[in-house]
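Shared between the two complexes below is chain A, which has chain B as its partner in the first and chain C in the second.
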Partner chain A sequence: MSPQLSTPSKVPFYRDIRTLKWALQVLALLAVFALLYWLYGNYQENVAKSSIQTDLRFLDNPANFTIPGNDLDQSQPVRDAFVEGFLNTLRVAFIGVALATILGTLIGIARLSKNFMVRTLGTVYVELVRNLPLLLLLTFMNLAVVLQAFPRIENAWLPLDLFVVSNRGIAIPWFIGSPAQLGIGILSAALIAFVVARVRIRQADKSGKQDRAWLFGIITFLVLVVLIWLLFGYGWELPYVDGRGTTGGLRLDPSFFALVASLVIYTSSHIAEIVRGSILAVSRGQGEAADAIALTGSQKMRLIILPQAFRIAMPALGNQYLNLIKNSSLGATISYFELTQIAQITVGNGSPAVPAFSLTLLVYLAISLVTSLIVNFFNRRLALVER
Partner chain B sequence: MFLHERGHVKSKSLSVLAVASAAALFLAGCASTEGETTTPAATETTTTTTTEAAGSLLDSVIAAGSVRCGTRDALPGFAVLNDAGEHVGFDSDFCRVIAAAVLGDATAVEMIDLETADRFTALQSGAIDVLVRNTTWTATRDGSEGANFLQPTFYDGQGMMVTSDSGYNTIAAMDGAIICVAKGTTTEGNAALESSRLGLDWEIRSFDETDLILEAFLAGQCDGWSSDVSQLTGLRSAYPNGSEALTILPEVFSKEPLAPAVLDGDTAWAQAVNWAILATIQAEEFGITSANVDSIRDTTEDVGILRFLGAEVPGSDGAAVLDPNLSLPTDFAYQVVKQVGNYGEIFARHLTPLGLDRGLNSLWNAGGILYAPPYR
Partner chain C sequence: MITWIRRNLFRSITDSILTVVSASILGFVVFQVFQFVFVTGRWEIIQVNLKILLVGRFPEELMYLVGFSVLATCFSIASLASGANRTIETTQRLSGRLWELFQRFGLIIATSTFLIVLAGDLDAILFGAYVILSILGGRLFGRARRNTSLRKLPGWLWVTINALLPLILIFLTMGQAALEEWGGFLINFYLAVVSIALSFPLGVLLALGRRSTLPLLRWLCTAYIELLRGAPLFVLLLLAGVALEFFIPASIAPDAIFRAITVFTLFTAAYLAEVIRGGLQSIPKGQAEAGKALGLSTFKITFLITLPQALRNVIPAQIGQFISLFKDTTLAGVALSVLDLLNVGTAITKQDDYLGQGLIYESLAFVGLLFWVGSYVMSRESQRIEKKLGVGIR
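Showing the complex of A and B:
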């Protein structure tokens, strides 16, 4: 053996794996920046050739269009239209997230049911919906279900004479009075109900009896709401068909219905899988322990399994909520006046495309980041604290 | 757990950083352009010189050997695809007019189908050379979209179409109606304005494509379909039994001059396109058609017509061909009329079959407002 072979010669720097890795990363970064710089340069050049605005002045121009189901006047600035679009996006997001969570949880539990029928229906639902493109589902919901399967206004469907269902929208009974006042009333009722539930839990902790916190909380809430309703003299207003439209009550836009229904159906199929997986991930011993202290099936689910399952499900659920909120932008394809639709209309009517869509982009980013913050907050509250 | 917490904090600060940098980029973009707008005069001169230096679109069109014309594929009468996959219609023919004038070949056109909402972006980005897509000339579009509108090819107005069994026979009767329109068009604003002017409280829904409006309209989701009368007529003609089943109400409540548009700041190209359009109008005024253009050129002694067709005009110091320095071939008008036809021929070919009258789109000496400046 020659000594040359036993002592490894020093590797030159250009063959050193560490240098090469660094160099590659720096090169990739440079390439990305060069591409961005090139695109920005092209944009500047195109803008300079013509008199296209690049700032946000367009927000002060008159909007020149109206929004269905809204009092926005066409002489109001584009800014106000954007705010309305933002609010419509939030409406879809809130209602969609709430309904998708409830439906998804139910179906997730159904998939684990011991009943063959329930279990199979759950599986069919998930496998059918999860494998469809959302845009197709939405288009189908709008063109086939809402437009064709819902009756025309002339022969509208009036279930219980409380609702008016037609392909011009769904009108529901609504209260008469100030919505802000009622909102404050309901919020304070919820707060008092929460305090009552906490007191019950503390008492139960001392006495060792069942707390029934939910039952007490809900009863308190309902009693308070009825009291407020009677005290302030709110009344119902029922919708009725009036010529070729409806009067009274609250009219839900047909495209709003189609959008929320599609988002909820689609997202709930994903949430169901998350819930199912999370329930299975709760250790077997927990369920057996619940059985051992003779909890009923529903108590076992409610008190032992689901609280632990949601701890596991939370991060994945957060992703689904983000998806739902971002997917609401597809509403633009069925004429629901959410943020993207507003941006498209105002760009078609003379607002500069790049600033208008950049603004829209930033608003979606802000909504998503706030949602992430909220989900992370709950995630941290729910997470096991290990030492 | 400790490690996990750290990882968490890190990712959060990263996302905050990302937002901050995105916002900074955006603001930087705004700030830099504000700086430019404070010295409009200076910017304008530099842009003009850069455009001139970079060359007119006219040169690049000639070099490429074809005109990229922004159009559409589903508006009967104006631009539809036929079974052979060719664009047929009034707008499509004006794309060919431009190609015939600039390149001497009416087939040297690349038709690029655009969504309504994308058409100005396509023009601004240079994806098309000229936009001929039944687009209304308005001040805002002229000013803020960087578009330069030229001689209108069709003077239109907005109207309303209803189903014949709806019982509406005037717009004023449509109180509280749902009106469907195309997204990103002037019709949205016009309908809103008309609604508030007449106190009708219309609900105006806007859709991406005419197919979607048709679905909603036929399913009874909309009471009225509002658009330019020419468009409504075209759509009605494509509908089975349309002339009986659908009624276009008599009122016209807006001015809609449909004009081709090119990008701002390119005079040479704008003039070339403009004179190509004007040639069809002038040809009709002279009575020159695609059938008789050859015989007229060979036999006429009218100096005006000879100049127009790029034929030799006898003068005191020998025969000469008029070249007005439009950077177009001197026989461009001849090529336009020979290969595509005059304005009346194009109209009769595509719009008369739909049941549209010439109306405002007659020549100035026949009760209309089509008037071409003299070619001399």
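Showing the complex of A and C:
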């Protein structure tokens, strides 16, 4: 019996799955547009009623406030204040990310230690910090530690006579000279050190000996930095108490210290968990193979486990970095003059709220996008190439 | 014992040094904490302000509403927990089961006892008893689902029934008392519960939209998720505080608590969508294909086959998201000037009786205790569920 070939009866267009799919999408789009249009219409109406600026012209108005630790003048435009706030956000982000990664990795490893005491210490730290709100840590750091536990300037702590710790901030030794010059010098030293390390690796690949690339790189870097230091005649400057303040060195704002400390403490507890999970996720055979070829404990960690663990941890770490950067907006609650605080002050001074905060949001969005681009770049470099 | 010490503490010289250093750090911290809690801490500031810390200036005559909604929440959580659990329990001795219960909820019980002792009046004791009764009732109700014809109820309906009761009560309570009378831990608790309940369905829809085959829908959902994930919650809350009036008519401009709920819901939904998307991606293609082979519609494949498995696979990550929402409710305090627990905690140290006495340690310790116990118990539960489901075991 041959199957009867029936010509499919024509489906009416309103039951055609393709039409339906498009209709659904167009409907969804229309709904979104309708919502946006409604919001925009209300916005226009309300703005017309209260005669408020809607564009970014407010950026040219004088700022009318000063930023502590900065020679920004009151008459300078709001734009400059925003730039300064942006730079302050970046400052917190860079230092926070670097410190949180180091501390988090150490604690993550400590949590897997064979030593019971070290393990307990790591666990207590992670479980204590991870379950507290960041804002609580920040408030604690600001109100209880910096403003209350730190001494007044008259009897400031002077650890090793290098630092001045008081409730007016922490002053650290700093160099004298042009920061840009020194920055370029350090960057080129790092570049040369990197090249030396690469050459070492190539040589070691040929000879089959241990490369010790890190050792060579770091030594080259240090030697070069010392050379630059001596050649260009930089000098140290130690801070000392001078009346009601400190002179010399670099003074870190108390709010800066509180913000960075709480961000680092909070984020490192999350990073520690990621590092721990990633180390556990490295296949057991890798560690056993390292034992089999008689690597020492630290070699095994440094050369076999950690590189692979960081490959696994990279995407999650990137998320934590993004969180840290976005959380730095909480600096506004303790009057650290980062982006959000600047926006809040300008709005308080009469700048229009919607453009000012939208600008702030866009800047954060841009920072997030750039950060995730960088993380994705490293992730692609590190990722295992699979078929 | 001695072998254990030698193996775990003094394996080598470096090991011994590490042991001594970390033991002294740990010992110092523990000593300081004990000294603070039992000797130097002046806890009368907490005792005097206990009501403000917990419920703010909530009117006394409406307190029964708060009580009822807390009881209803306990009831539904207990009933959901024991109704969804379909594994056959091993026959354990009563002592073993009690020990397990103690491990899971000991902290909550201890904290509640501590609060009741601090409050020290009959109402608090009675309330504690009611909470226990409502949890037991919830458990009975949950078990009834497993053993009676209620079993035929679809899962989503079961969840909705359970979630509706506390939500209705909470909204009723919110409507009854004026906003400025709200405060304390009550705000954090309600913000968290309501935002969790609202963000979950939105997150599921966004995740499905992002995985949809319809390009326009996918782009819309992706744009929403990425935009909200790139923005700091604090700035969004500030924006909602000062700029919402511009976008909606003044007649429906909500007060600070509803603004906070809106922002938390929209924000958490974006993160939750990413978590659920991860779950959806972890489901093998064969599952959906099997559904197709059976002739199920796309809708049925999604809601009967892939989504339930996906949600189950990412329960720990979802709970993690809820924990961070719970902790982030403190941001509403500073961004929208809501008198939440943290705000009250710092404000009470500025009362005339306590000003300038350095009592910030005591009050922040109390605030921290409540948040810590809540988050810690939730994260422990999520680890337990993770273990029970066998997710993540290679």
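Assume the second predicted complex is superposed on the first by the 352 of 387 C-alpha atoms of A that agree within 3 Å, B and C clash if a C-alpha of one lies under 4 Å from a C-alpha of the other, contacts with A are read in each partner's own complex, and residues count from 1 in each chain.
Definition applied: contacts are C-beta pairs under 8 Å (C-beta built on N, C-alpha and C of every residue); 3 or more make two chains touch, one makes a residue touch a chain.
Because the structure is predicted, anything quoted here is derived from the model rather than measured.
Contact with chain B, but none with chain C, is seen for A:152 once the two complexes are overlaid on the shared chain. In the superposition on chain A, A:222 contacts neither chain B nor chain C.
Of the two partner chains, chain B is the only one touched by A:53; chain C is not. Looking at the shared chain after the overlay, A:168 reaches chain B, while chain C stays out of its contact range. In the superposed pair of complexes, A:66 makes contact with chain B only, with no contact to chain C. In the superposition on chain A, A:347 makes contact with both chain B and chain C. Once chain A of one complex is fitted onto chain A of the other, the partner contacts of A:195 are absent, as it touches neither chain B nor chain C. In the superposed model, A:176 lies in contact with neither chain B nor chain C.
Of the two partner chains placed by superposition, A:102 touches none, neither chain B nor chain C. Comparing the two interfaces of chain A, the one with chain B and the one with chain C have residues 46-47, 143, 148, 332-333, 344, 347, 353, 358, 365, 369 in common. Per the touch definition, chain A reaches chain B in the complex via residues 40, 46-56, 58, 61, 64-66, 68-69, 73-74, 143, 147-148, 152-154, 167-168, 243-245, 254-255, 332-335, 341, 344-345, 347-353, 355, 358, 362, 365-366, 369, 372, 376, 385-387.
Those residues of chain B that touch chain A in the shared complex are 1, 8, 12, 15, 19, 22-23, 26, 29-30, 33-34, 37, 43, 46-47, 50-51, 116-117, 120-121, 124-126, 138, 140-141, 143-147, 176-178, 183-186, 188-189, 192-193, 195-196, 202-208, 212, 215-216, 219-221, 223, 263-266.
Of all the residues in chain A, the ones that touch chain C in their complex are 21, 24-26, 28-29, 32, 39, 42-43, 46-47, 113-118, 120-121, 124, 127-128, 130-136, 139-140, 143-144, 148, 326-327, 329-330, 332-333, 340, 343-344, 347, 353-354, 357-358, 360-361, 364-365, 368-369. Contact residues on chain C toward chain A in their complex (touch as defined above): 8-9, 11, 15, 18-19, 22-23, 25-26, 29, 214-217, 220, 227, 229-236, 238-239, 242-243, 245-250, 323, 327-328, 330-331, 333-334, 342, 346, 358, 360-361, 364, 367-368, 371-372, 375-376, 379.
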